Amino acid sequence: MRILVINPNTTQAMTDAIGDVARAAAAPGTEIDCVSPPGGPRSIEGFADEALAAYHVLDVVAGTAGEYDGYVIACFGDPGLYAARELADVPVVGIAEAAMHMASLVAHTWSIVTVIPRVEPMLAEAVIRTAMTEKCASIRGTPLTVLEIEADIERTKRMMLDEARAAIEQDGAEAILLGCAGLGPIDKTMQAALGVPVLDGTGCAVKLVESLVGYGITTAKVKAFLAPEPKELVACPASLAPTYERTLSPT
Amino acid sequence: MRILVINPNTTQAMTDAIGDVARAAAAPGTEIDCVSPPGGPRSIEGFADEALAAYHVLDVVAGTAGEYDGYVIACFGDPGLYAARELADVPVVGIAEAAMHMASLVAHTWSIVTVIPRVEPMLAEAVIRTAMTEKCASIRGTPLTVLEIEADIERTKRMMLDEARAAIEQDGAEAILLGCAGLGPIDKTMQAALGVPVLDGTGCAVKLVESLVGYGITTAKVKAFLAPEPKELVACPASLAPTYERTLSPT
Amino acid sequence: MRILVINPNTTQAMTDAIGDVARAAAAPGTEIDCVSPPGGPRSIEGFADEALAAYHVLDVVAGTAGEYDGYVIACFGDPGLYAARELADVPVVGIAEAAMHMASLVAHTWSIVTVIPRVEPMLAEAVIRTAMTEKCASIRGTPLTVLEIEADIERTKRMMLDEARAAIEQDGAEAILLGCAGLGPIDKTMQAALGVPVLDGTGCAVKLVESLVGYGITTAKVKAFLAPEPKELVACPASLAPTYERTLSPT
Amino acid sequence: MRILVINPNTTQAMTDAIGDVARAAAAPGTEIDCVSPPGGPRSIEGFADEALAAYHVLDVVAGTAGEYDGYVIACFGDPGLYAARELADVPVVGIAEAAMHMASLVAHTWSIVTVIPRVEPMLAEAVIRTAMTEKCASIRGTPLTVLEIEADIERTKRMMLDEARAAIEQDGAEAILLGCAGLGPIDKTMQAALGVPVLDGTGCAVKLVESLVGYGITTAKVKAFLAPEPKELVACPASLAPTYERTLSPT
Amino acid sequence: MRILVINPNTTQAMTDAIGDVARAAAAPGTEIDCVSPPGGPRSIEGFADEALAAYHVLDVVAGTAGEYDGYVIACFGDPGLYAARELADVPVVGIAEAAMHMASLVAHTWSIVTVIPRVEPMLAEAVIRTAMTEKCASIRGTPLTVLEIEADIERTKRMMLDEARAAIEQDGAEAILLGCAGLGPIDKTMQAALGVPVLDGTGCAVKLVESLVGYGITTAKVKAFLAPEPKELVACPASLAPTYERTLSPT
Amino acid sequence: MRILVINPNTTQAMTDAIGDVARAAAAPGTEIDCVSPPGGPRSIEGFADEALAAYHVLDVVAGTAGEYDGYVIACFGDPGLYAARELADVPVVGIAEAAMHMASLVAHTWSIVTVIPRVEPMLAEAVIRTAMTEKCASIRGTPLTVLEIEADIERTKRMMLDEARAAIEQDGAEAILLGCAGLGPIDKTMQAALGVPVLDGTGCAVKLVESLVGYGITTAKVKAFLAPEPKELVACPASLAPTYERTLSPT
């Protein structure tokens, strides 16, 4: 089984780290590729970043048609998730939804601990879109920007643990979701320190793509996620042409 | 007051029609410009179309910084709405949210009647994002594609009226929202035929931008809609550079 | 366009202040009258006050049939709103719903800051009735009674700002709604001090009535807001007779 | 124990019938009085009727202070319920809420069958206010006006049974709530015909007032239902003066 | 009228205390029996305890068929409630649902104060199942285990009052529900100390069973609560045989 | 990895079939055992059946402590799920929740098609408990009892396909969940016939247990799912003693 993990931002060091996390979670026999799109912001910390990233994510999905058994979108806002589902015939799983579904199997309620507070509403939208409001005890930010996560990993752990503990003690959370793909490498360290399940969405999403493929189901192609209607695109990535223009060519 | 109405798709005839609708709704003293972005799909009929369009909508918003008192995003999925709010200092209103807010002032519950059924989940997502689930009696599609709306306007009216009547009689709707900007020109004809309020989002959004500007409030710049964090963009529209790179330049 | 703003309580000084606020928000060409009903409590600070006020509000609406293009009910519990919609053929907008709709266009979530805590459940009911629960971060009271608001305006501002800041910092509010019509005059002062949108419902409602009239829609007259069924009234305001007894008279 | 059942409309024949229903449900030792207010509409079939009735209901409650152990408001919209709770020290129960609470103890979901369809939104508001949306399978109207209920009781039963059967078969209802106090006399006939619990709110409310009094609890007097703040009333029922003006008199 | 109150745990002292509480709440003419099942845990403080207890509760209900006019299940998680409704032809009321319904008649919102924090999620599930989420301000635990309640009743009162006051002051609760049947004996003491309604579910449930029987309705036997389908049971209580094997015997 | 699949009913032929389904879904290296408990009903078609089954499921879980890496509870009401999570240190997944989570990754909304209509409320409770109400388009029954499923498999498929098609066409479902473990063997046949994803919970749950174990997380042991408090049990399965009496023995 071949899974393409897409880091929607364009910071290669983070892409490499996410790839390692994904490979660590993968089953024997699962092959993981991990890429950034050819364009987009260096990090995703808001709705504009997310919209820019989503566009280039679609370029990657369209440009790899037929090459993979499933896709993971590795940013906690799940940018371009529903759009990618239209383009692909194989399963596409976002790391936010993946972490939420997996956490709901091991905890009565859970919290998301993430980077700078301005992303909290973006993650709140992901929770609403995934219909997980009732399971989410809280979303808590830290002072960290996405690109500071790796700069001082001990400071990162300390800040994350502080907010995670507050979520457990004050908000009743029984599990902690790491609200940024860049936090993946510290999941097990945090889990050991906290004594509750700590979930990184990348690992969760890899397992869920494996599960969907293993059980033999893929995205429903009847309404919400039908392939796009054939139509002309203006100044869009060339990779999309085969999908979009499939019935526009002269007969 | 100057308002820029953005038709997120790239069909100029539709942009012209939307501009006419917007101008008809505008107050004396409101100046309306209406444009399509420089790129994107010819019509928006799903999540992928919407994601592609949103990207180019941001290019328009960023490229007109300082020129307008407010923006209208004239596609019923409100593509790029929250992202545009980050980029602009002036109000940005989507036509789906506009129609929902206005309809809630004149009807106990309302329904959306729209184009081909595959867009229903996209509109359902807009209803959820706007937190209007309790007010929405139903979303009903017709066999029309976006670009067929104007092709045979009598057929369009007939199909729209059939579903609108079903919404009123079977779903308890007291007002009808036109679920595509291209349907704007038939709002008053439908209202006369149905005897209930019929709302086109473009007209509603123009009035709401006028209201926000007139009352002196604009997008909150404290958390969800703060300007993007300064960061490098790769292969993104040049118009975004002043916003994104504002503090990256050497001092 | 002529709008009648009804202050449902019977304190003329407050009615005058609300009238000034309404006129300041009105567009050129909009004429504002502002009145109190002929009866009712001096202030509205609970469900009983509200029920008494609603009755007399209906007297005003029925007694001015045909004279105005729209009505504003200027008390944050929206007393008599749905009943007034039955009586009038023109739009009727409550200031609570108006502030909530307008705030939702500029803020991801918002809070209401109001007078004495006993009114909080009354405002909570208004939020529920308007189906805005998901957008409302909190409702916060102050020690002020309605009639103390103007007695020491500096104290009023100080108390309001304290709770508004708590709403922003602790509850995540991005905009503040002033939970009493009497607070209207301090909206811009508070907005300047807080750096977030501050919304007074009277101003919002005036703009929304202008918008509804300007766009050409009014209350749906098909189910919830049909004119009352013809029937005899006992010991009710004479102004209601033409509406209620319209088909009871011998032919 | 003495309970005052208030029929909020001013049709004495209906008041008499409701009194009979209430007495039939009462326990030995419970004394029932049943009255109409001194003013208000002959029947309640919408929001304006309800607002007019609520005002006069308050007159009755205030005017009987100290005389009863509890009150029942016998109209399915529960007009003036929260306001009456402020005025009374003893329990006040509305028949809509009473029927909903009792039905939830014997049925997984239930439906309301009522009079003319225009009251459906008014009852929907009562369901929302009582926070019973999840338990309510549907609200179904019949062609009957309130005052036609008794005119041809066989026709009434037939129409009610038709809609009740539709609620059971199509909407999954397991119990039927009679959506108008005037329907009380046919509860057992309908129950026998349908084979599911049929609940008249008047009977339910009498039992619940008895339960509250019997268990020794009454309305919480700490926030939502505190007695009204002392204040001057203009042109309001004299019965309210002792409550409203209690601390306004010179010392 | 004869009511069987079932204390689902197997601590006889607690059963005796619950019986006293039930008898104190009962109307003249209501006869109360109170029993523990023949098996199960000594106390119920989690989902496993609850599942074990539910099984034996069913044994009691099945084994007393025809003997009582109604049942009360006296544990705040309502163990086996829906299952018992299938087995009995007479009303079955759980004390959690009973307290929630009664509290909603006297308070705008209420809180549950209970024993050790680990039971909070179990009670949260009871709130969700009863569809009372909107009315529940909070669920607050104390350090008490169920069997410690009576060991030092002054300590119990002190801990309960501390959390109850926090619920009133911080969470906005207007009434307090005692989240364990063993707390029943202190309801009136707490009510006197707090000045808000304090509800013990056992008392509430006795009144509600009396109400249902008095008004003449019982569990709907059409879908959710139909008697079990006839089928063979393996190693289950013999008391269930008459119900389960009713149509399996040769004719 | 070793997974124990528990068929909560006591029909061995169905247990065998479920075991085959589970093994077909399992990854290489996953070993599946499938058992029925030593007691309980022959099939589970209501709340009483479910409560009886749950008790014996706990016996199985407690009696196999330390033997498995995870458990699957293979009945669509997820009987005993939360209780089993308290008893086990390894993941426990119910097939209803498993199917709901997996379906939400491939479909915008989905429906459950199941056996006789009386189980619909039981499944509705499972949807509510899993907090999946917004994703569930409908629950549809067929005339089939659980034990008739295999009696005439062609009739079963026909009835299931009829309701599945109705769910897709009338309710907007994009995926079908098989609402009984006994339906597992026809998942792929139905998927081929319908052209939408068809999910059997047993297969889904096996994949999710593999995912949880593979990613290295298990049930949170901090609040809701802590091991039971140590206490005496009366007449309960001996398998529970080591867990329940762990700290009751003399020191």
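Going in written order, the chains are labelled A, B, C, D, E and F, and every chain counts its residues from 1.
Operating definition for what follows: a residue touches a chain if its C-beta (ideal position, glycine included) is under 8 Å from a C-beta of that chain, and two chains touch if they have at least 3 such contacts.
What you are looking at is a predicted structure, and each value in this text was computed from that prediction instead of being measured.
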Outermost chain relative to chain A, judged by CA means, is D
Note whether the interface between chain B and chain C is symmetric in residue numbering, meaning over half of all numbers used appear on both sides, and answer same or different.
same
Tell me, please, which of B-C, E-F or A-B gives a repeat of the D-E interface, judged by over half of the contact pairs matching in residue number.
B-C
Taking each chain's centre as the mean position of its Cα atoms, how many Å separate chain C from chain D?
28
On a C-alpha centroid basis, what's the spacing between chain C and chain E, in Å?
44
Here the gap between chain A and chain D, centre to centre from mean Cα coordinates and rounded to Å, is 52
Chain B touches at least 2 other chains through residues 108, 120-121, 172, 223-225
List of chain D residues in touch with chain C within their complex
10, 38-43, 45-52, 54-56, 58, 80, 82-87, 116-118, 120-122, 125, 128-129, 145, 147, 223-226, 228-229, 231-236, 240, 244
Per the contact definition, I'd like the list of chain C residues that touch chain B in the complex.
25, 27-29, 91, 93, 97, 101-102, 104-108, 130-132, 134-135, 168, 172, 174-175, 188, 191, 195-199, 203-204, 207-208, 210-212, 214-225
